[in-house]
Amino acid sequence: MATSIDISDLNIYYGDFLAVEGVGMTIRARSVTAFIGPSGCGKSTFLRSLNRMHEVIPGARVEGKVVVDGQSLYDPSVDPVAVRRQIGMVFQRPNPFPTMSIYENVLAGNRLNSKRMKKAEADDIVERSLRGANLWTEVKDRLGKPGMGLSGGQQQRLCIARAIAVEPQVLLMDEPCSALDPISTAAIEDLIHELKSDYTIVIVTHNMQQAARVSDDTGFFNLKAAGEPGHLVEFNATSKVFSNPDDPSTEAYISGRFG
Amino acid sequence: MATSIDISDLNIYYGDFLAVEGVGMTIRARSVTAFIGPSGCGKSTFLRSLNRMHEVIPGARVEGKVVVDGQSLYDPSVDPVAVRRQIGMVFQRPNPFPTMSIYENVLAGNRLNSKRMKKAEADDIVERSLRGANLWTEVKDRLGKPGMGLSGGQQQRLCIARAIAVEPQVLLMDEPCSALDPISTAAIEDLIHELKSDYTIVIVTHNMQQAARVSDDTGFFNLKAAGEPGHLVEFNATSKVFSNPDDPSTEAYISGRFG
Amino acid sequence: MSLLEERRPAAKPTAMPLVAPQIPAYAPWLAAVLAGGIAALAGLLLGWSLVAVVLVAWALLVVGLPAWSAAIEGERRAKDRLVTTIAWSTFALAMIPLASLAWEVVENGHAIISSEFLTYDMRGVLGAGGGIYHALMGTLIITALATAISVPIGVMAAIYLVEYGKGNRLARTITFLVDVMTGIPSIVAGLFAFALFTMIFGPGVRFGIGGAVALSVLMIPIVVRATEEMLKLVPEELREASYALGVPKWRTIVKVVLPTALGGIVTGVTLAIARVAGETAPLLIIVGTTTTLNLNPFDGRMATLPVFIFSSVTTGGKYDAEQTARAWGAALVLVAIVMTLNLLARAVGKVFAPKTGR
Amino acid sequence: MSTTTTAPSAPTAVSRRGDSVFAGLATGAGLLIMLALAGVAIFLIIEGIPAISASGEQAYGKDNIVVYVWPLLFGTLLAAVIALLIATPLAVGVALVISHYAPRRVARPIGYLIDLLAAVPSVVYGLWGRAVLAPAILPVYAWLADHLGWLPFFDGPARTGRTILTAAIVLAVMALPIITAICREVFLQTPRIHEEAALALGATRWEMIRMTVFPYARSGVISAVMLGLGRALGETMAVAMVLSASGLVTINLISAENPSTIAANIALNFGNASGTKVNVLIFSGLVLFVVSFAVNFLGRWIAARGQVKA
Amino acid sequence: AGNAEDGDGGNGASSDLTGSLAAGGASSQEAAQNAWIVGFQESNPDVTVTYDPVGSGGGRENFISGAFPFAGSDAYLTDDEGELTAATERCGGEAPIEIPNYISPIALVFNVDGVDELNLSPETIAGIFAGEITRWNAPEIAEDNPNADLPDAGINAVHRSDESGTTENFTNYLDIVAGDVWTAGAIEVWPQEFGGEGAQGTSGVVSAVKSGTNSIGYADASQAGDLSVANVGVGDEFVGPTADAAAKILDVSPRVEGRGDSSIVFELDYETEEGGVYPIVLTSYLLACPSYTGDEAEAGELSKAYLEYIISDEGQDFGAEEAGSAPLSDELQSEVQSLVEGITVE
């Protein structure tokens, strides 16, 4: 089910500003890929170019190729709305819809496509997704309550449940734990471990320990200097990046000599 | 010139919320003291209580003793405005005054207190402070330009120049590099090294490597649980904290097992 | 997790349906041109009026484009296009009165504008001739007085709200009352000034300062709101930077906060001036009007542009045509003043804005 | 601290005095505003009270003040409500264009154009409504009377363009920029993270707006409408110049016989009023004040409540 | 302003007067007063006169309170509300002067497709404005206009929506000549139940009639402009609203009885059958004191000069020319003149 992603020669712009330059890599299916790097090096920008969320920002555009499942993502015939259903996204700050209940939040994506859904079917999706996000037992008795009433970590897992409810193939996560306390962080990390058997997972993190803990492959992004575009310095198996990186700047970053 | 600070049994409140509980330590003169700890444990709060900036926030108050040079900081007869001239502060995000030129920014502390001074004297202070902040050579040809026109790292050094222009005895810095790129960070760290021969320096950082690089003593703050007050777990020489901490939670934090 | 796998509905056509049929990017324009063309053709054949042609063209577009989209792109996209078309239509509709108004004011007003019109008053004028000098000066004097009353009070009150009151009960009450005050009908402000000065000076009182007081009632809340917003935008960091340098609070406000917010405050004040400069009702009640130049706001009626326009249009009589012409001329001048103030407000906002450099 | 410097106390005293004087001035200005508002109410009440016993000749030929004010209040509410029925959908649409549809480079000038609508003085709207809109719209009324005459609103006969509906259209144009401005602000304030959440789930732009922008902005839009209502209720000159008022109570919007509004009625009769008639007019102004106060109060209250929730 | 000094009328001799004179009152006189002010200031360049059209009631009120040295009023003083007594008191115990200075026909202006001339009998006028005759081709109208091509259209009757001396005079006329049709009596505020379009001010009525279709309204004849005006039935004939025809009504109308020598006020005889008299006429008066003393001396002197100008041949002609009013008859003028010249100022 899950899918690999091939990226080649990707340049990403905000208007005239080249934010990320010349990235190429292959993200493996059913694995966790982590991106690390100092602030502003373009990790988020790159991640958002993988499900065409980048172009939501006015003036933003992309050059180069992102190939998912043999299809080029930026082909004119490709519908970005369809892309985003297949490649889900979880954001840095948990963002459940404030006016919806937990139940409605989980179904938000599904409701878009099929207005009429049998109650049983909907219940089924909600339970399956919440179980998938390890949240079912905590919220099953208050599904009608607002999603905003949950704790930060629970909200983040609710967002994950919402993302997997539409059955995407890839799950992109941009610093999903940075707004969370250590306990919630641990819960999310466990969840990522479980999810990877079904999904291709890409995660951005500013926490190198987290990258080391959860990922199979790691990409290190860096900036040559402030104002210069970010670029991919190294992309390797996580074990290699953290023990014996190819590039000296990777080593310097990981050992905390800058950033 | 520089001064040591004795803190004992300090409780810090925001209204009814006890944010930091029972802190005691002695900050040595002419040394760099670093505070580390997970987000929300009260590092900033504690730092701001050292020059009575805490009480700027409505409802905020402090219990306990902070003794600087034999005077209790929170004695009713002490004027907080005067305290802040003696104990300067540099903030996380560089905050030069946007309406002022570089020159005026450096002199802000003197001028805003409506001190009349001769041009020569003012020029002298500006040059001395900017040299002290390692910024003189970079800006000496554009002192009349707006302070906001500098790069982030230069702005932060400008703020340091502004702080030392009023000749304080202590310099408090709250994550002074967290908004900066690696190169600027290195410049500030160098500066801290130089300044410590004249000032007592206290720095909060979320970057353990930075604490290890710049400080002589390190204090580790932690929270027992979310919602509980922060407290000082350990205060020791930096070399000891990073190699052989007294407390197991310090060890856990430093090795990246949480936070 | 294998559970998930099992319950998934049976094989989709492709693993990843990313491609969807789409109508071309120029489709909306094409649809608009087609709709316009069809309507114009029908209009020519059936002799419809221009309004009818436009309405029909619009209806065709609103129905046609989503229908085309629905046929090719599906219902969801079609709905999206429908809403887009309607949203832009509302904008076009909202522009009609503005365009018409601008056109009419210039068309009817430009002919009479001359140096005589701008420098003569109406003393001794029955038919053609005369000018609006007296009304222009009246508007300037009364507006200036209102500004002089409102700005200090408004700015200081905003300082109280943002810097001192911060969320206490009094501040919340004042914020609320200021909000409510923004909604005071202008005629009520005029009645207030009238009632106030009638009680002080007896019946029949009419003078410029009364108008300035009435306008202040309308202006103060605008100034407070604008200043408040601007002061709130001044980052807390700047205040803290100043406090940390050992600067007392009031000097921090005067030397750091106000200069930083100055651009916005000046913009807000200028907009407030523009707003009250065009007020008519309160002036009608408490200032009245006259044909002769009166530069003393403390004694007797003064002419003002808005009241001049109103009375010129509504007096009628033998010289109705001349009066109406003068009214349009005065309207052009008034609109020009107000628009200039608006443009100025923006320009000033930019000039005073803190230099960000980068 | 070095032993030579202790906390200096002389400048302390000075700065403290400066602080308290400045704080006093600021507080004084705040209190003055409260006083001004109270003053508006008090003076209107004092000058309005004598009207309560007015009747006959003094009450413009009406039996008592209630009979005099009621039709005016009716007309005021009718014109304002129609104005909002017209303005609200337009304003929401325009605000959406500015906040979510127009490219950024276009959105700014659009916003500016709409702001210009608010900058036009009301007397100029009056002039325009009277000289341009009223004659231009008379054929439309004739059409309405012919084709939709079975609706009580369009009973007609259409003999003049200066009807309550024309006045309401002018009011709508004047209220539009106010409602638009507030709606635009609240639409823009929709947290980006919620919008992106919807888009990332595969929502179209309209679906995203329905899922995130509208629920978030609901109370803001309601309060915007209330503020627009406040403006429409109190607008004087445009109505005074556009409307042919007979002062009766009717919902026939396009006939020659129209209700008047409080504000316009005051403006038109104040110059000629003397004696108790002045009090009668001020009393009607007091009624207008109370109504618009209530409407604004409600609007702000809704806005404030909405903020707590968001 | 540049034009204050360029008035060319300053021929030296008459202009030793200086100062400013502020009075006001009936709005019906406004146009005439504006003309008189211009005329008077031309020969007295150092005098500034203002006339505030605050309405007849406001004029009387301000006259009584002393705020105005003289006032214009469409109605003379009575003691219904104690005004006459109060005014007497204000004038130091002497009865105030009341003189007619502005006589103007009230025209029935109309704008009817294909109709240029219209004859209306009193009952028909009352029927139209009372809302009983609603179509232009109604038999009542057709009867008076056998040759007109009357359209089959509704009548849009326009009235004043504000309080108005014009309305009062017009309804007074209707009340007297057609009291069984017009049942509201003489009133200043139009009674709603009679319907019709309400317009603000005389100019409002004129422009409403102009811009409406198949409309008719009543307005001061001076403002009719290029609108058609109806002829009103008097006896056997139909008379148009000319100044001469209007002036005649004062000749046939009796004075109000029981007034002092200083009061020249009329009870208009609307039912006259005299030939060539136009009956719907508005008469406006000036109220002044027989003597001004003390503080008011200067204002009194200016008032006297100004009033003399108004009722002079020159003033009356200028008023007729600019405001379409009917000049006073010679006989009435000399009577009025002696009253004004008798004003004393100490």
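For clarity, chains are labelled A, B, C, D and E in written order, and residue numbers in each chain start from 1.
Methods note: a residue touches a chain if its C-beta (ideal position, glycine included) is under 8 Å from a C-beta of that chain, and two chains touch if they have at least 3 such contacts.
By chain, with names taken from UniProt: A, B = Phosphate ABC transporter ATP-binding protein; C = Phosphate transport system permease protein PstA; D = Phosphate transport system permease protein.
Not measured: the values here are computed from a predicted model.
Ranking all chains by how far their C-alpha centres lie from the centre of subunit A, first place goes to E. The interface with the greater number of C-beta contacts, when D-E is set against A-C, is D-E.
Ranked by how far their CA centres sit from the centre of subunit D, the chains are topped by B.
Chain closest to the overall centre, judged by the mean of its C-alpha atoms against the mean of all protein C-alpha atoms: C. With centres taken as mean Cα positions, subunit E sits 40 Å from subunit D. One finds 86 Å separating the Cα centroids of subunit B and subunit E. The distance from the centre of subunit C to the centre of subunit E, each centre being the mean of the chain's C-alpha atoms, comes to 43 Å.
For subunit D, residues touching at least two other chains, in rising order: 15, 204, 207, 240, 271. The set of subunit A residues that touch two or more partner chains comprises 81-83, 112-113.
Shared interface positions of subunit C, i.e. residues touching 2 or more other chains, are given as 76, 203, 248, 251, 288, 313-314. The touching residues of subunit D, counted against subunit C in their complex, run 15-16, 18-19, 21-23, 25-34, 36-37, 39-40, 43-44, 46-47, 89-90, 92-94, 96-97, 101, 110, 113-117, 119-128, 130-133, 173, 176, 180, 204-207, 209, 227, 230-231, 233-237, 240-241, 263, 266-267, 270-271, 278, 281-282, 285, 288-289, 292-293, 295-297, 299-300.
Touching subunit E in their complex are the following residues of subunit C: 116, 119-121, 123-126, 129-131, 133-134, 203-204, 288, 290-293, 300-301, 313-318, 320. The touching residues of subunit E, when paired with subunit C in their complex, are 1-4, 7, 22, 30-31, 34-35, 38, 41-42, 48, 50, 52, 54, 58, 61-62, 65, 67, 200-204, 206-207, 222-223, 225, 322-324.
Subunit E meets subunit D in the complex at residues 27, 53-55, 57-58, 60-62, 154, 156, 158-159, 161-163, 187-192, 195-200, 204, 208, 211-215. The part of subunit C that touches subunit D in the complex is made up of residues 76-77, 79-80, 83-84, 86-91, 93-95, 97-98, 100-101, 104-105, 108, 152-157, 159-161, 163-165, 170-171, 173-174, 176-189, 191-192, 194-196, 198-199, 203, 217, 220-221, 224, 248-251, 253-254, 274-275, 277-281, 284-285, 288, 306, 309-310, 313-314, 324, 327-328, 331, 334-335, 338-339, 342.
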